[in-house]
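Sharing a structure here in C-alpha cells format.
Think of it as A, B, C and D in the order they're written, each chain with its own count starting at 1.
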Amino acid sequence: MFSTSLNLPHVMRNGDQSVTTVKVGDALFGGEKVVLISGPCAVESPEQIELCARLVKEAGGSVLRGGIFKPRTSPYSFQGLGFEALKMLRNAADRVGLAIVTEVMNAEHVEKLEPVVDMIQIGSRNMQNFDLLKTVGKSSKPVMLKRGMSATLEELLNAAEYIMSNGNQNIVICERGIRTFDDFSRNTFDLAIIPMLKGLVRVPVIADPSHATGNRDLVIPVSKAAIAAGADGVMVEMHPDPEKALSDGAQSLYPEQLVTLSDGIEKIATAVERKF
Amino acid sequence: MFSTSLNLPHVMRNGDQSVTTVKVGDALFGGEKVVLISGPCAVESPEQIELCARLVKEAGGSVLRGGIFKPRTSPYSFQGLGFEALKMLRNAADRVGLAIVTEVMNAEHVEKLEPVVDMIQIGSRNMQNFDLLKTVGKSSKPVMLKRGMSATLEELLNAAEYIMSNGNQNIVICERGIRTFDDFSRNTFDLAIIPMLKGLVRVPVIADPSHATGNRDLVIPVSKAAIAAGADGVMVEMHPDPEKALSDGAQSLYPEQLVTLSDGIEKIATAVERKF
Amino acid sequence: MFSTSLNLPHVMRNGDQSVTTVKVGDALFGGEKVVLISGPCAVESPEQIELCARLVKEAGGSVLRGGIFKPRTSPYSFQGLGFEALKMLRNAADRVGLAIVTEVMNAEHVEKLEPVVDMIQIGSRNMQNFDLLKTVGKSSKPVMLKRGMSATLEELLNAAEYIMSNGNQNIVICERGIRTFDDFSRNTFDLAIIPMLKGLVRVPVIADPSHATGNRDLVIPVSKAAIAAGADGVMVEMHPDPEKALSDGAQSLYPEQLVTLSDGIEKIATAVERKF
Amino acid sequence: MFSTSLNLPHVMRNGDQSVTTVKVGDALFGGEKVVLISGPCAVESPEQIELCARLVKEAGGSVLRGGIFKPRTSPYSFQGLGFEALKMLRNAADRVGLAIVTEVMNAEHVEKLEPVVDMIQIGSRNMQNFDLLKTVGKSSKPVMLKRGMSATLEELLNAAEYIMSNGNQNIVICERGIRTFDDFSRNTFDLAIIPMLKGLVRVPVIADPSHATGNRDLVIPVSKAAIAAGADGVMVEMHPDPEKALSDGAQSLYPEQLVTLSDGIEKIATAVERKF
C-alpha cells in the first residue's frame, strides 16, 4: 500500500527501510526518543521568551520555537519583531540549554539566520516557494518543512525533493493540518498522512497540532494521537499568558497544559516502544 | 473551547460531565474498556462470516459487523445478499458469542432488523436521511450513527439529536473520514473531531479507520491514534482472504493484522488509563 | 477531454450526440428554450403559493417549485406542511398554468406524489439514497436529480444510472453547489461541471444558483453564467416577502429580482443561440 | 449581501461604487471592454512565442502572457527559460502590438522585470508570499494577483491590501480555481466569487479558466460564464501545437479554439452590455 509511481530518489525510501536521523542540538529526530518542540507563536520580549524557554525545558522539550517574522493574513496585524527577536530567542535558549528553530520567510534571510539558528523552518505558505526551497537546500542547517494548507502528498514529497536534491539531506517533514470544509477547528489534522509518510520517506516526520486545530484543548489529545500513529515528535505552541499573546493565543497551551502534554506523550511513546 | 451556541438538549452535555454508556451484547460503549467491532464489509456466505466471527472473537472483538444490503456507488456492483445474510450473520455471531451490528438502508427495513440485530447502523450516506433517523429514534435497539462524508460538526450533532429527540438515547457516534482534496487515502480521517465530540456530547464516540483510509496498512496506526485521542472503540473491516473480498478488499485487514491491531489497541488503551 | 472509462449505458452518450428532451407540463428540458423553475423554498399557505405562482408565471417561468416536506438540519426547524401543502401547490399552479416539481424524501411518498406532481425532485442529501433512486426509477414521472453536496462526477453519473437502469429515462440533472473550504457563500457553485455533463450525458442539465450560493445577490449573475456555459435551465428560489420566509429567506429573490433575472437569462440565451 | 466586517481601506469599496480602471498597454481593465489575455504556459522559443503573439492579436487579445520562470511541482520538470525568455516575449509582443504579463517568483526578480514588462503576475502559490506582495506593492507596474488554491475571500482581499497599502493601486484580481474534492477538473472554478468581488472591491476582476479546469474543452464555456457573471476579462492559455507544449498542454487551446472563444466572449459581452 505504501507504494507510488513517484520517482523522487532523495526523499523516498525505494525499499530502503533504514531511518535517516536529523540532529538538532541535543534532539535527534527519527531516533528512539520522540522530540518535543515548543515555544510561543512569536518572540514578544526577552522576558517572555526566557520564561517560555524555562517552561519548555522543564516540560522535557529539547527545541525552542518562536517566530521573528510572522506571516500574517492581514497587513495590519503584528508582523513580528524581526532580527532583534532572533537574538532574544538564541539567548533564551542558550540559558537553559535548548536548540532553536524559527521560520524563514524569504531567500535573502537564510544567510542571516544560518549562523544563529539550529534549524530553519519553511512555513506552510512557503511550501511551494521553490526559490526558497532551493536556497535552504544549499544550507548546512537542518530544515523543518511544513506541509502546505492544501498540499497533496505528492506535492509535499516534491517540495522535500526540491530541498534534498539541492544538497541538504537534513530535513524533517511536519503535518500541520489541511484546509477542508470542517469549521470546528482551524484546519483539519490529517493524521493518516503520518503513517503514510513514515512508510514512504527516509526522513523524520512530526506533527504540529497547534496550527492543525487552533484550539488548545485539542492539542493534547491530537499530540498523543500523532505519537501513537508513529510521529517522531510534535511541535506545539505555548505561552506564559495565552490571553495576552500577540498572536495565536487561542491555540497556545497554558504552562500547566504543557506539563500534562509531556506526561501524556511519554506514556504513549512507551506504548509504541519509543521513549521521551 | 468545547463550547458552542447549539441548543441540542439530548445529545449535548451542557455542563453534565457524566458518561452515558451504551450496552450492545457484552460490549459496553463509553465504559472503561474500549470496544473492538470487526468483520467483513459484506456477508458473503455462511462459511465466510463464521470464519470472520471466530477470528474477531479470538482477537478480542465483542461485536461482529457485516453488511447485508450494501450502498454501492454503481447500480452494477454487488449489492449484498439481503435478509438471507442477516441469518448468517446472527448464526455466526451466536456460535462464538458476539453481538452484531448491520447497516439499515431504509425505514421499512428497521422492523425486520430489530428482532435480530443488537445494534443498527446508520451509514454515512444516510446521516441526513431524516425519515430514517426518526424511525430508528423510535426503535428500542442501540444505533451507531456514522458521520456523513461532508457533514460538519453541527450537522452531525443535529443528526444525533433527530434520533435522541424521538426517544432513543442509546446511540454511538462514529467518525469515518471526510471528503477533502487529499488523494492518498480514500477519505481524510478527522482525528480532532474525536476529542471535540468527547467534550461536547453525552454519548460514546468511536472511529472507523477502514473507511476513513481505504488502505489496510493505515488502519492499525489510525486505530491506535483514535484510542490515544479518547475514542471509546474502533470498527475495522477484516476478511479471511481480502484479495477475494466482493467489496472493500483493499481496506480489509488480513487475519494476522487483526491480531496486531488488537495488541496495539491494548497498549494504547493502557497508556490512556483504559482497558481492552 | 469529455471521455471517461465509466460504462454507464443509460446516462452516458457513448458517442451519440443527440439530445434527450424531458417534457414537464409546457416546459421541454433540453430543447431550444431554456427553462425557468421558480417558487418558494417551502409552501407556507395557499395565499403565499398563489402569489408565488402568479409572479413566476409573469416572469416567464414554466415550472413552480415548493417544498412540502423539508429536509432540515435541525429537528427543531420548520419541517414543511406535508401533503396539505401538495394540494396548495397543485391548485396554485393550475390557476396560472404552471407545472409543479416537489422533493420526495422517502420511497413511501413516491406513490402519493405521482398522481399529483409533474416532476419529482431527489434532493442533494438523497442523491445516494439508493432505495429511493430505484423507486423513482420505476415511476412514470420525470425526475430532477440534484447533485449531492460532496458527490464526485462519477457518483453523480452513477446515481442517474440507478434511476435510468430501473426504467425511467426522463431525468434532469441539477448542479447545486458543493461543499468546500470557501466560506463566503453557502456552497461553491461548480460551474465547470455543466459543460462537462453536457459533453458526457444524454439528459438535460440545469443549475440551482440559490442553494449553490445562499445569497440572493449572487443568484442573478450565477444564473446567467450557468446559461452561458450551456445549462438547459435554472431553478431559483423566490418569495413574495423574503424577510418573512419560514426557510431560506436569505437566498430567496425579491419579486422584482425575478423579473431582472428573467430579462438577464433571455439575453444570455440569445447570445448562446438559445431562447427563453 | 455584499457586506463584510473587514476593514481594508485600499481594496474595498466601502460604499464607493466607482470603478478603478487599470491600464496595461492598450488594454483597460475595468472599462467597458472586456480584456483577453492569452499566450502559452511558458515561452519555449522565439518562433513559438512569435506565432502565439500573432494568433493572440488576430483573435482580439490585447495582452500576451508567457512564463519565463515556471513554478513546477517537481524539481525535475521544465523550469522555464529564464530571463532569456523575457526578451523573446517582449520582442514577440512588440512586433504585433501587444502588452505583456509574466509571473514573478521572488522579490529579487522584480527590479529586473519592471523595465521590461507591462504587468507583473503574482502566481497562486505566492498569494501569501508577503514579502513579495510588499515588493510589488512598491512597484510602478500594474499587478495581476492570482487567488491562492485554497485562499478564502478574506485572505484574497488581504493579499490585495498588502500590495495596495504599500502604494500600488493598479491591481487586477484573478480567480483561477480552488482545490476541492472534485476530480474531474484540475481545480474547481469558483464562479460566484466573481460577482462577490465585483460587489466588494474597487479593482478589476478577471478569470483564468485554463488553470481552473485544466481541460481545454472546458475553457470556452467557462470563459463565457465568467463574462456573463461580470468578469472584466479572461486569461487563457493557448499553444500553436498543444501536444508538443513543454507544460500545461492539456489545458492549452488550439489556435482555432482561440478564435471560437473570442467570438463567444464578444456575444456574451454584448448580452451584458459590455464590449470586446
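Following the convention adopted for this analysis, a residue touches a chain if its C-beta (ideal position, glycine included) is under 8 Å from a C-beta of that chain, and two chains touch if they have at least 3 such contacts.
Please read these numbers as outputs of a predicted model, since none were measured by experiment.
Peer 1: Look at interface A-D and say which pair in B-C, A-C or B-D is its repeat, using the rule that over half of the contact pairs are identical by residue number.
Peer 2: That would be B-C, since it shares over half of the contact pairs of A-D.
Peer 1: Count the C-beta pairs in contact for B-C and for A-B, then report the pair with the higher count.
Peer 2: Result: the pair with more contacts is A-B.
Peer 1: What whole-Å value do you get for the distance between subunit A and subunit C if each is reduced to the mean of its CA atoms?
Peer 2: Computed from C-alpha means, the inter-chain centre distance equals 48 Å.
Peer 1: Can you give the whole-Å distance between the Cα centres of subunit A and subunit B?
Peer 2: Spacing between the chain centres: roughly 34 Å.
Peer 1: Report the inter-chain centroid distance for subunit B and subunit C in whole angstrom, where each centroid is the mean of the CA atoms.
Peer 2: Comparing mean C-alpha positions, subunit C is 34 Å from subunit B.
Peer 1: Name the residues of subunit B that each touch 2 or more other chains.
Peer 2: Counting only residues that touch two or more other chains, subunit B contributes 150, 179-181, 183.
Peer 1: Under the touch definition given earlier, write down the residues of subunit A that touch subunit D in their complex.
Peer 2: 8, 71-76, 105-108, 125-126, 128-132, 149-150, 154-155, 158, 161-162, 165-166, 179
Peer 1: What residues of subunit D sit close enough to touch subunit B in their complex?
Peer 2: That would be residues 179-181, 183 of subunit D.
Peer 1: Which part of subunit C faces subunit D closely enough to touch in the complex?
Peer 2: So the residues of subunit C in touch with subunit D come to 1-2, 150, 152-153, 178, 180-185, 188-196, 199, 212-213, 215-218, 221-222, 224-230, 250, 264, 267-268, 270-272.
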